[in-house]
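For reference, the structures are reproduced in the following blocks.
First subunit A sits with subunit B, and in the next complex the same chain sits with subunit C.
And now, the complex of A and B:
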């Protein structure tokens, strides 16, 4: 009986030595270059130029933004080429943002996404964005006391959280790319006077950028996109003098589809609960508030329907109306839906309720 | 007449709950979605329910058989088919149990290779793992049971991390219900049952349960927990991924973790995969224990030597199988044998045993 513990002790001591034979490459944080952002651009038919950003930590605790540029036919190969210029190996585990030049996005970004989807070390939380202009130039500048990957990711994250743009990341993009009845969207950013600006939202047809909607339409897009929302802000001008801005405490969206997969009308019902943030036409009486509600309902209805028309003309469906229809039909046929989608009448019904008007009357 | 073990070696009936659950929840949970959603799509949750119920039925049959004989399968088969044929069939069971261990370990190593360390030395990895298995199995069945208990309880926190993806889930994807024909759904049930396999080790450890009849309820509950785990993960998968996206994910459950972000850890898969070692350890231990016990019962050998032989086979096959295709082939073979044994042979055996006892009783009554 005493032989068993001895054997075990032997095994356990052996384990200590064996761990060295596991052939696992240890990667020490100080000895690698963590890429935080990457910019892609096609420079000719099938060559990609990749700009990688990594932080360079200075002795005085500040962070310097550094970039490397190389080009090749596949993005993992570019990474190897980038390593040739770098004193430490580049790894992609901390990738936060990837940028695509606008022309590249118009050509289709599916091939460029494969490396992100296939690599287990890249998370699904990576933000994707389209750049109006050169990603190389955009990434080359220093914008804050941090590297551009973190800066851009904070910028996009902040705007999603404060409700200005829709939720977006690598997972959402591939979800919508593969799903039937919804098309992806990505924010478009530009560099202007040394600042980065979230300029528009790019609309994709599968993986190709086909259209964009401007900043003033974000509000309509957001309330139509999400089943439940909050935090949206919006301002309108009525007549000559009345201007006001509201803040959404909650928004609810419901689809009413009486006969799915036919040409019959689809109604989108939106219910908003809002408060007034700014108003500059005298006193706010109850009657006035009723009028304002009416005016808002009008405005939202008109603009949203116009926006949906725009989508239908381009044959894209970023709102996921197809998905709503799909979940109401058995044996859904994608081709048939795509055929009838542009001609369906889609109307929006808005009910607005202003429940607060701030701390003054 | 009865062949139960002595009291000191037995376990309480409620522990069967943990053993059944530990042996069912293994490597299959990480990637079952792609296979069943291929033909059943958004209706796959029904497949999980149906497969769970069928497995529950088989467990009920097994108890019917075992309660009648109060013996393990090796001896039941010896009684019914005689020494040679009975032992031969027992040998098939043993090979099947051993295959469960091999498939689990090899698939786990593959996941470690693909997700964490592409260059990992699989000889060393399997050797270290097998030494651990030896340590547990040589402690006897009570140690394996204890390990199953820990293997269910400790990693249970992992299932809460699947709540993170809900933020991005579109649960409308579950609609419309009955989007697929009954034929498609039945077809997937076969693939889903593979996720429940392993419960047949019950046939081997039955004599080790104190008041075995009381344990039936716990076995069914253990199976129910497995079903709930599968259902929970599947519903989140259907909401989180679009259907075509799932068809691309080899390990959809691990891909769910890619979205988890916590302040102290950037990528949760690394914690998840390492914690999964604790889930598959009782799985392998139990299958190795069952095959060891079987061999020992058939040939009357010393258990220690048998364990070493069994583990050597486990090691050799594990390192010999390389590449995804071979691994898939091995898994397929295992599940085919499992399906035949569990869903064709066990009902048949129960029937034969029932008829035989009727006949013998008839003879006995005639004789007197």
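And now, the complex of A and C:
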């Protein structure tokens, strides 16, 4: 006789306390419209135009890319408007990529990000990107046998994995946005001859796009950005004929900050272990390798320092130097740091070690 | 308390029997059955009456070992000395006489002297030969399985354990079947508490018939309403011999080709005895595969239903197209689709089990191939779910103990319904209930989830994995054995290899 009331009590308690959890609506997979990408653009002062992409799965296993466009003042309200055009309810849980038009990004994307951060069904591994051009046009075209959300997500993911661009997603963006002493970066894509191209990396001041660095500078940015790196590739030309490309087996970056929160010099030490991927100036001897190491060290040092200078002029800190300083001092003060940051001398020291030169003897 | 009171009443009933004590009445009652043969035989000094059940005795024994010697019989009391059979007794008590007659004895008595009756054992047992185990088949290892005869079964165990300490206690259970039930244990290893629990539960049983050992499992296990069996049944005499050495108690039932083992744990149900014939690395791998199979079999369809109904976010982007295209033409919601397929598999299994082997195979092929393909082509089920359900069913058949396999097949249905109503939360809640239930279970009073709860690190070496024999120096803690060491580990290390 004891067991039954116990069981009932348990059931009742669960009904009482877990009733919040019961408020879930069934959304059967084939009865919903899965938005996989969204493009945002301000069309006037405070009206947003939202382009939503969803895949239309054909019975013959091919996928058709379809888009819906609507505009309103709030992005969730746009979603309701989009639903008016759709046969099935539009859901945002499978969102892979969100795109922001360049002008919109220059205006600031914080307000547009809010809905992504607030929605529990949107993951934090959504890729963000800036579009040079109209996101509506870019998303309207089909680029492969998949919808554009999956296509763009694969494109960005592939490039992150192969080491061409830095890690970036909603989580990284939000972290860098909210953290003191570091500013976010996002890839900039463009549509060119019916193809999508990762054109540059956009640099943000808070949530506003202020500058960009071109493709040839990705390498310097990457080795300076992460404490440990690998898989980077880089090519340089020395003199007239000597061209070579290296593959970075491992890179280590260390900050040397003797007096944090002062004007004194900050040194960034970078150690690289690389292998030669391509070389087209005759035979490689040990002496030549030494020379090449030297040349590389100089090249990296010059370009990196130039790049940091460029950041300092724009008063942005995508490398997170401020964060390094913050972790080394008790007297962190955001305002003071922003004041002194543009004038600090930041130098880069590079040690290059070519440990392999391929299997050609 | 209630059980106890019932028992008292029954005892009283038995105490005032309407039976007449007199032997004549018994004889009258016996001869009512046409099968009871009775004839008189004149010996040198007296007229003897001989009676027996024709079906129960071996006529060859009667003709060869009993009849020729009766001629010389002087008085009935010298019967044991005259007849060259070991079991010849003199009895007065009619109940014993009746009992013995029904077990294949021949009654011999002097028509003029009804005080002493001679009983000679001439029973014949018609039983099948010891055959290959079919339920717990193993490729390597002994290929003997129990048969329906208790004596043969005990012989199969005893020849593996030639020990005077192997004790066999015999009880008779069942008001009308009076089934012989033997409790086996090794004195000095098995904990007396376990033995007494078994004997007490058996002797207090109030049933009319015991037709198989599975009756006993259901009657004496700790929680009789649980879908989980709490005693292992096995048809392998080597398994029984092995676990007796671990300190467990075994029960053999006359007429049942399966013995019972207790106390046991949940994890022992997933160890096939073949595991002990294989190298420990291979055996451990197989065990882990089996545990994976159980979890997979219970959870895979509910998770499919939950994800498709509530949690589309969880589907990897590369699988979206496969899932959606396979479901696009299906009119049923995921739960109906899953239930239809699960029930189809259950139907196939049930039909296959009820039909003769040859027909059963055909049904399996017809069901598996024709129904499966046709339902996908007709657009009733998605092919992804078809694969999932078929794999789940396959996984549930890996459980070595048949009774546990059935349980695994049953408990996925509540999971499925909960998954439909509240998604993965429902699956989690169901799993909690399952875990709570398993934690509450016990086998002969020993915790069912040992060695994980309570944690007994020493017993882990023969649970999810099986470590080599040289590491299994101690008997499991679960049984609380009197002699805890299997062998001396120090001596085992001494090796006199040349």
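Everything below uses one rule, namely that the second predicted complex is superposed on the first by the 335 of 361 C-alpha atoms of A that agree within 3 Å, B and C clash if a C-alpha of one lies under 4 Å from a C-alpha of the other, contacts with A are read in each partner's own complex, and residues count from 1 in each chain.
Operating definition for what follows: a residue touches a chain if its C-beta (ideal position, glycine included) is under 8 Å from a C-beta of that chain, and two chains touch if they have at least 3 such contacts.
Computed from a predicted model, the values in this text were never measured in an experiment.
J.: After the superposition on A, what does A:121 contact: first (subunit B), second (subunit C), both or neither?
T.: Touch status of A:121: both partners.
J.: In the superposed model, does subunit B or subunit C contact more residues of subunit A?
T.: If we count touched residues of subunit A for both partners, the winner is B.
J.: Taking the superposition on A as described, I'd like to know which of subunit B and subunit C A:6 touches: first, second, both or neither.
T.: Neither partner.
J.: Is A:61 in contact with subunit B, with subunit C, with both, or with neither (first, second, both, neither)?
T.: A:61 contacts subunit C only, not subunit B.
J.: So in the superposed three-chain picture, is A:91 touching just subunit B, just subunit C, both, or none of them (first/second/both/neither)?
T.: In the superposition, A:91 touches subunit C alone.
J.: Could you look at A:153 and tell me whether it touches subunit B, subunit C, both or neither (first, second, both, neither)?
T.: In the superposed model, A:153 contacts subunit C only, not subunit B.
J.: What is the contact status of A:280 with respect to subunit B (first) and subunit C (second): first, second, both, or neither?
T.: A:280: touches no partner chain.
J.: Is A:24 touching the first partner subunit B, the second partner subunit C, both, or neither of them?
T.: Once the two structures are laid over each other on A, A:24 reaches both partners.
J.: A:178 in the overlay: touching subunit B, subunit C, both, or neither? Say first, second, both or neither.
T.: first
J.: Considering only the contact definition stated at the top, list the common interface residues of subunit A for subunit B and subunit C.
T.: 14, 18, 21-22, 24, 93-94, 121, 123
J.: Enumerate the contact residues on subunit A facing subunit C in the complex.
T.: 14, 18, 21-22, 24, 26-30, 32, 34, 36, 55, 57-59, 61, 63, 91, 93-94, 96, 121, 123, 146, 150, 153
J.: Looking at the complex, which residues from subunit C come into contact with subunit A?
T.: 307-310, 312-313, 315, 317, 320-321, 323-325, 327-330, 333-334, 422-423, 425, 429
J.: State the interface residues of subunit B toward subunit A in the complex, per the touch definition above.
T.: It comes out as residues 114-117, 119-121, 124-125, 127-128, 131, 135, 138, 168, 170, 172-176, 178-179, 240-245, 248, 255, 258-259, 261, 266-267, 269.
J.: Per the contact definition, I'd like the list of subunit A residues that touch subunit B in the complex.
T.: Going by the criterion above, the answer is residues 4, 8, 11, 14-15, 18, 21-25, 93-94, 117, 120-121, 123-125, 167, 171-172, 174-176, 178-180, 323-324, 327-332.
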